[in-house]
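There are two complexes below, and they share subunit A, which is joined by subunit B in the first and by subunit C in the second.
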Partner chain A sequence: MWDGLVIGGGLAGLIAGIRALERGKKILIVSEGVGSLAFAGGVLDFGRVRELRRLEKHPYAYVGEMAERAFSYFLQLNPAYTGTWGRRGSVLTPLGTLRETELLPRRLDASPLFKANKIVVAVPGGLKDFFPEIVKANLQKEFPSGNVRLKKLSVEEFADWRAAGKSIPGTVYAEFWGTERGNTALKRHICEIAGEADSEAIVFPGLPAIGCPEVDEVLAGISLPVVGMTSFPPSAIGLALYESLTRRVKALGGELLIGVGVERVEVESARARRAIVRSKGKETALTAETFVLATGGFLGRGLVATPDDVRETVFGLPLHVPPLRGGKDFLGEQPYARAGIEVDRHLRPCDPATGEVLLENVFAAGRILAHWDPWLEHCGGGVSLSSGLLAGELL
Partner chain B sequence: MVRYSAQVVIIGGGATGVGILRDLSLRGISSILVEQGDLAHGTSSRFHGLLHSGARYAVKDPVSAAECIRENNILKQIAPECVAATGGWFVQLPGDEVDYAQAWLKGCERTGIPVHEVPLEEALKREPLLAKEALRVFEVPDAAVDGFKLVWENAKSARRCGGRYLTYHRVEAILREGEGVAGVRGENLLTGESFTVEAGMVVNATGAWADRLAASAGASLEVVRDKGILLAFNHRLFQRVINRLRPPGDGDIFVPHETITILGTTSEWVDTPSDNQPSDREVERMMTLGKALLPGIAEKRVIRAFAGVRPLHRSDSEWAEGSEGGRVEEGRGRAVSRTFALIDHEAEEGIKGFLSIVGGKFTTYRLMAEKASDWVAAKLANDVPCRTAAEPLQPELPAHLRRRARALLPCAAAEKTLQRLGRDAAAVLETIARDPDKGQLLCECEMVTVAEVEKTVADEDAHHLADVRRKTRLGMGTCQGAFCTYRALPLMWREGEKYDPLSGELIRFLNQRWKGIRPVLWGDQLRETELTRAIYAGLLDLREGGAAG
Partner chain C sequence: MYTQTQWGEEGGPGPKPAAEPGGDDSHRQECGDPAGLDACVKCGICTAHCPVARAYAPFPGPKNLGPDAERLRLEGVALDPGCLAYCTNCKTCEVVCPSGVRITDMILRARRQQGSAQAESAKSRLRIRDHVLGRAEYLGRLGTVWPEFTNTVLATKLTRRLLQKALGISAEAPLPKYKKRFRLEKGSAAELTSESGQNGGKSVEGTGSSSMGRGAAGDPSAGNGSASKQVVYFPGCFVNYNDEATGLAVIRVLEHNGFEVIVPGFHCCGVPLTANGRFREAEGNARRNLALMEPYLERGIPIITSCTSCGLALKEDYPRIRVPAAKRIGAQTYDLFEFLWLLHERGELKEDFLEVRVPLAYHAPCHLKAQGIGTPSLRILRLIPGVKAEELDAGCCGLSGSFGFKAEKYELSLQIGHALFQRVRQGMREGKFKAVITECGGCQVQIAQGSGARSLHPVWILAQAYGLGGGT
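And then the complex of A and B:
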């Protein structure tokens, strides 16, 4: 018997679990997969919170002040991050263009580049999905007054990969820089660049930007700013964030069941009672006082669409479903993105038709909520964090 | 102003146009083809891909049926690399008219279409997804044809014997001189420059656009534009073409193409050839209709929906015949005959040297081209006989090329590369041999190597990311381009003069893919959409109407 059972261990579910654990609750997190952080670049966008709060039924309208609290909460949880409420920082996209965001790993902060006249881009040999020429051209466009050059680093360790015509995933490079040999190589390469006359800042893709003290130590010893980059999926930084959150759960005494899906939850008189999971062909019932539903949207499989219907996969809750067929511009307004669960101020699922609270002891958080679009409103991380934190307070 | 000249100018780079270009070139008649988009930009890449055995028309349209079976046999001989001889079944379901089956069997016999019945038990074993209620199953020599490839093979074959083609050139007017034509005038859509082709003969093979073009020369022509929609499924659901044994109707044919299956189609008259966007209602209806043959259809993943516009010729007599019967309202197009029409505008309006050719089917493109070319040759007093029925489209692949491909690439990737490129694979393979990096698969779904994309990008015939996509099938696999679109960027970049991948072009490419996905937004397709938007709008911060930032 748990105080709280969190279904879905993505950003929203993990934050809910961590907060509830801090409050002394006994918590179990059950998650089918590792969530979408592994794809994400590791920065957390909040978007225009004040404007979005005014939109009827937008998740920010429910979480209220919790957005700002979530912002500082995350900074305190994760000292590798930086950010100032109400202000935007800049990071580099995998293509070397600048983009704004609110919470970012310090290592990704691109602001030193604005002051540098000579920018060197380190090019680790064979790094997958990294295009030096494009990055160089984009940096040159973003910083017209600076001079940008590329510096190839050949890394012995990967000579065999290269000979076989294979490229090296960013996750593999990131891990390598943290090993003893990698660390030595990194130091040598960085010192060499720093020693060259025409370097004022170094852009370095594929660095483990968080959760790797060995690398931080090397970089601390360098007099030039070293700026990391967000990367194309799968992302070492996103994974590192995921790992640091799960470590936190365990350190607080929480339990995690990864790779296990909740098939359904038994409900009696508007209260969820027991979650049924199936593992190795056997059904097990997990009983808890309260539940968090953080199964993600269509990507996380919290929602599934058929040609004529959208289903919430755990409770079969009624949903807000806009006409699914898409808008004209792919990156423009897409109604599907706003499908999801409608909730009351305590994040409890409501019937979209009547507004009636359907489950007294279930709190929904993250991408599964209705009435928002992370990609248009640039608030994916912000909404998941704030609603996750609120759920963690309510558990 | 750029000037070209030839004996004949052909307008329209669909199957019909390239077929004529090849036929005339083989007869030694100097010809230029002018196409406003990429080759196969029109209906010839927006169709079902069924190489008809003729069985579908055996009852109502025996002339068509006889043409189909003849051409079906010829194409299997001359273009085996473009045809998958899957065979086809006609399946009778409960409720389908029993009398029709009898009439159909007789029709097939009369037109020489070989038919044999497949025992039910065996049929269900061979096609496990087929409706269990099936009553009778008959096998015919239907096949699947790769339209895009066939069009390009025709163009390449024509080029080998002197034929020329201009893509992204739109004809705006037909030049007149006295009683005859003197060529065409138009615009190069890539540069904005105008051009003329001087030629004593003009062949109008513009399909669904043919009436407009004829009108520009003062000639008249009635074209019925008959739109049909198609759904592409993620898997090879059936191993052969599956038809319903009943009078031809909507949503009653499945055609397997490599790893996907296409369900179609519908029939609705539209006003313009560019009306090729399926509506939600049409998609819904197609899913409902398809259920009869494939009961599990709702669980199958649709990867895109698209539509094409059939160019049908309407002469008064055919129209009168077509307007009888109950299907007139719902599917009027289907009552118009599908055999083609050659219109000699000298006989019609006294314009010498001007021929229009419309109607027909993809299956009969070669025959249509032969008839049009006979007409041209007669006017030019050229008596070289037509050779297209016997001359293979592609010279045979040398065995060493296949061995080389197998040595350098994983087996499946080697086959696919050879299929796509034919002899042109040699250069790609040499690049990979020199630089193994280039053998990496850029598109893991369709198994396209870096070297192949590089070659295509540099090709003088590729002008847009979309041309590269069609030629390499990049971004056409199940990931819908989420990963390979990004990975193709540096290759485009190198051709910096031609493409501007970071701003307009990349977004345009995503939007083009989107057109086909939009109407089938459910299941995994929707998941993939969320992921792709997360990557391009989130991670890369691309925004509609502008570059990153």
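And then the complex of A and C:
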């Protein structure tokens, strides 16, 4: 018997689990795979919280002051991050444009570039999904008064990758910079750039940003600012964020069951009792007092769309489903994004038609909630963190 | 759930019809979506987590070898078969996949289709090596005839150099030492013999059965409505030939909980054969073992494993064999600690624990993670007063059964395990823990090789807490 069973191992589920563990609860987190954090670059958007809070049914409207608490809670949980409530910072996209966000790994903070007139972009040899010329052109557009140049770095340790005709994934590069040899190579390359006359700031793709003290130490000894970059999925920084959160779960005595989806949950008189997971060979029944439903949206597959309808995959809960098609502007509003579960102030799933609470001891959190759009409102991290934290308080 | 549509056929007590050895089109025809090809969204998470792809540049990784190449294979285009042999079958890709794609299954099926033994190891000496390394059981039987002699011979540099030259078995690799053959302790009803059941018959002759728990037989409260408190123990080759003591500890712990432990003369589970491309023989072993299990399975008696790879084979591979017993094997197989946790949840686990004051580090074997049961040994050990256990969480050890014994893969296997070794060494040095525990015998051997730290099966901590003889 668990105090709380968290279904879903993404940002919302992990934060819910960590908070509940801190409160002394016995927690098991069950997850189909390793969550969606590696699909994102590791920066967490909060968006215009005060405006969004005024929208009826928006998650920020019912999590209330939990949004601000979640912001500082996360900063205290993960010291690699920086941010100031109510202010925005900037990071570089994988293509070298600027993008605003609220919580970001210090390593990605692009603000030093605003003060630099001479920007050097390091080009680690063979780095996968990195396009130096495009990055250079975009940086030049973002900082028209400055001068941007590329600096190729040849890293001999990857000779066998080149021989195999392969580019080197960002995850492999990030791991390498943290090793002893990688550390030495990094120091040598960065010192070389710093020693050149036309260098005032270095943009360095593929650097680890979370939980790599070896790299932090090298960069602390450099007089120039070194700015990392977000990357395409699978993102090394997103993965590192995931790992730092799962380590925290384990360090607090929590357990993760990864690689199995929840098949169904047995419900008696509006209370969830047992989750049935499909272990190898047989079903395993997991009994808990309370449950968190944080299985994600369409990408995380908490929601599944078929030609006929949209389904919630664990409980089969009734959903708020706007007309799914309709957005004519590809990058504009797409109604499907607001599909999801409606909840009461305690995150308990409600019937969208009647408002009746359907499950007394289940708290929904994260992308599966209805009435918000992370792409348009830029609040994906904030909603997941604040609803996850609230769920962790309620468990 | 969405994944149900792909998983429906597999796993679970209702087995999917097995593929024919050699050629395998049956699976493809059964499913509209061949093994979840459409479910793969190409996110690359599997390759980012693959222990081999991270360390070894020429390996294309699970995404390319699995779902990507599968589309080509469906069109009759085969890739370089040598690549496939670098998959260690650790199943990390399947565990981390957010879309439930059976990636390792695809890779194994491809190996099977290519008649892989010949294709992967083009040189005949390597074919002989695959033949040898796949047969942990026969080697074990030979080795345990006179273990001291075998160990002495195997320890000499000359032998190892010859093995490397002649067979491509690395001279540095940590071949486990042979011990006295696993047998039940004095008072057991019968000696173990492995010869029984060779013909696939239902014979349970040569079955050993522990005596101590016999008094408790007939307790109707135990498992699955069976009429007695009996369990069958599947020791596996590592216990049988390299670590007899752990097998006896498992039995003592089960007996302490009032179970009579039955140990038929099982054969190797087949995992080493599969890993070395010997699919047909692996299936033969599965059939022989299932025949030995059948009478017990019919009576609802649980099968207990203490080796996580044997456990995974029994739960995942055996249900696919086309014999009646296969219908029950998945549902009735338990990892030792999975079983003990169920007892705990029912209030039937003896919890008369003595204090065990030892800080421990726990390494979760890949094939435990793949079972989808979490880490029950940590849960149980944390019930014991005094036990502090932290999870190392440093990935695969790199050995993967016989993978790390192969001359061309030995260095790679150490490189894969590097993060784990570093963590172990650092923790030991700083005094954060005094011993490493892990269920898998292969992981134990590799951790010792890579970090110098001794590691042992978690059952030893439990045995110590029960006052049944300690391990640390």
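Please note the rule applied: the second predicted complex is superposed on the first by the 392 of 395 C-alpha atoms of A that agree within 3 Å, B and C clash if a C-alpha of one lies under 4 Å from a C-alpha of the other, contacts with A are read in each partner's own complex, and residues count from 1 in each chain.
Everything below uses one rule, namely that a residue touches a chain if its C-beta (ideal position, glycine included) is under 8 Å from a C-beta of that chain, and two chains touch if they have at least 3 such contacts.
The structure displayed is predicted, hence computed values, not measured ones.
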item	value
Side-by-side fit of subunit B and subunit C on subunit A, or clash	fit
Touched partner set for A:L55, first subunit B, second subunit C, both or neither	neither
Partner chain(s) touched by A:L28 [first = subunit B, second = subunit C, both, neither]	second
First, second, both or neither for A:A270, with subunit B first and subunit C second	neither
Partner chain(s) touched by A:L331 [first = subunit B, second = subunit C, both, neither]	first
Included angle at subunit A between vectors to subunit C and subunit B, based on C-alpha centres and rounded to the nearest 10 degrees	90
Subunit B versus subunit C as contact partner of A:A251, first or second or both or neither	second
Which of subunit B and subunit C A:C191 touches, first, second, both or neither	neither
First, second, both or neither for A:F39, with subunit B first and subunit C second	both
Touched partner set for A:G297, first subunit B, second subunit C, both or neither	first
Partner chain in contact with A:K166 - subunit B first, subunit C second, else both or neither	both
Shortest CA-CA distance in Å separating subunit B from subunit C in the superposed model	6
Residues of subunit A contacting subunit B in one complex and subunit C in the other	36, 39, 163-164, 166, 233, 301, 304
Interfacial residue positions of subunit A with respect to subunit B in the complex	36, 39-41, 45, 93-95, 97-99, 129, 131, 133-134, 137-138, 162-167, 230, 232-233, 297-299, 301, 304-308, 324-326, 329-332, 334, 336-337, 374-376, 378, 380
Subunit A contact footprint on subunit B (complex, rising order)	280, 284, 287, 298, 435-440, 486-487, 489-490, 493-494, 502, 507, 510-511, 513-514, 517-519, 521-523, 526-527, 529-545, 547-549
Residues on subunit C engaged by subunit A in the complex (per definition of touch)	1-4, 7, 11-13, 43-45, 47-49, 54, 57-58, 94-100, 312, 314-316, 319, 329-331, 333, 345, 369-375, 378-379, 382, 390-391, 393
Subunit A residues touching subunit C - in the complex, by the definition given at the top	1, 28, 32-36, 38-39, 158, 160-161, 163-164, 166, 169, 171-172, 175, 233-234, 239, 246-247, 250-251, 253, 255-263, 277-284, 287, 300-301, 304, 313-314
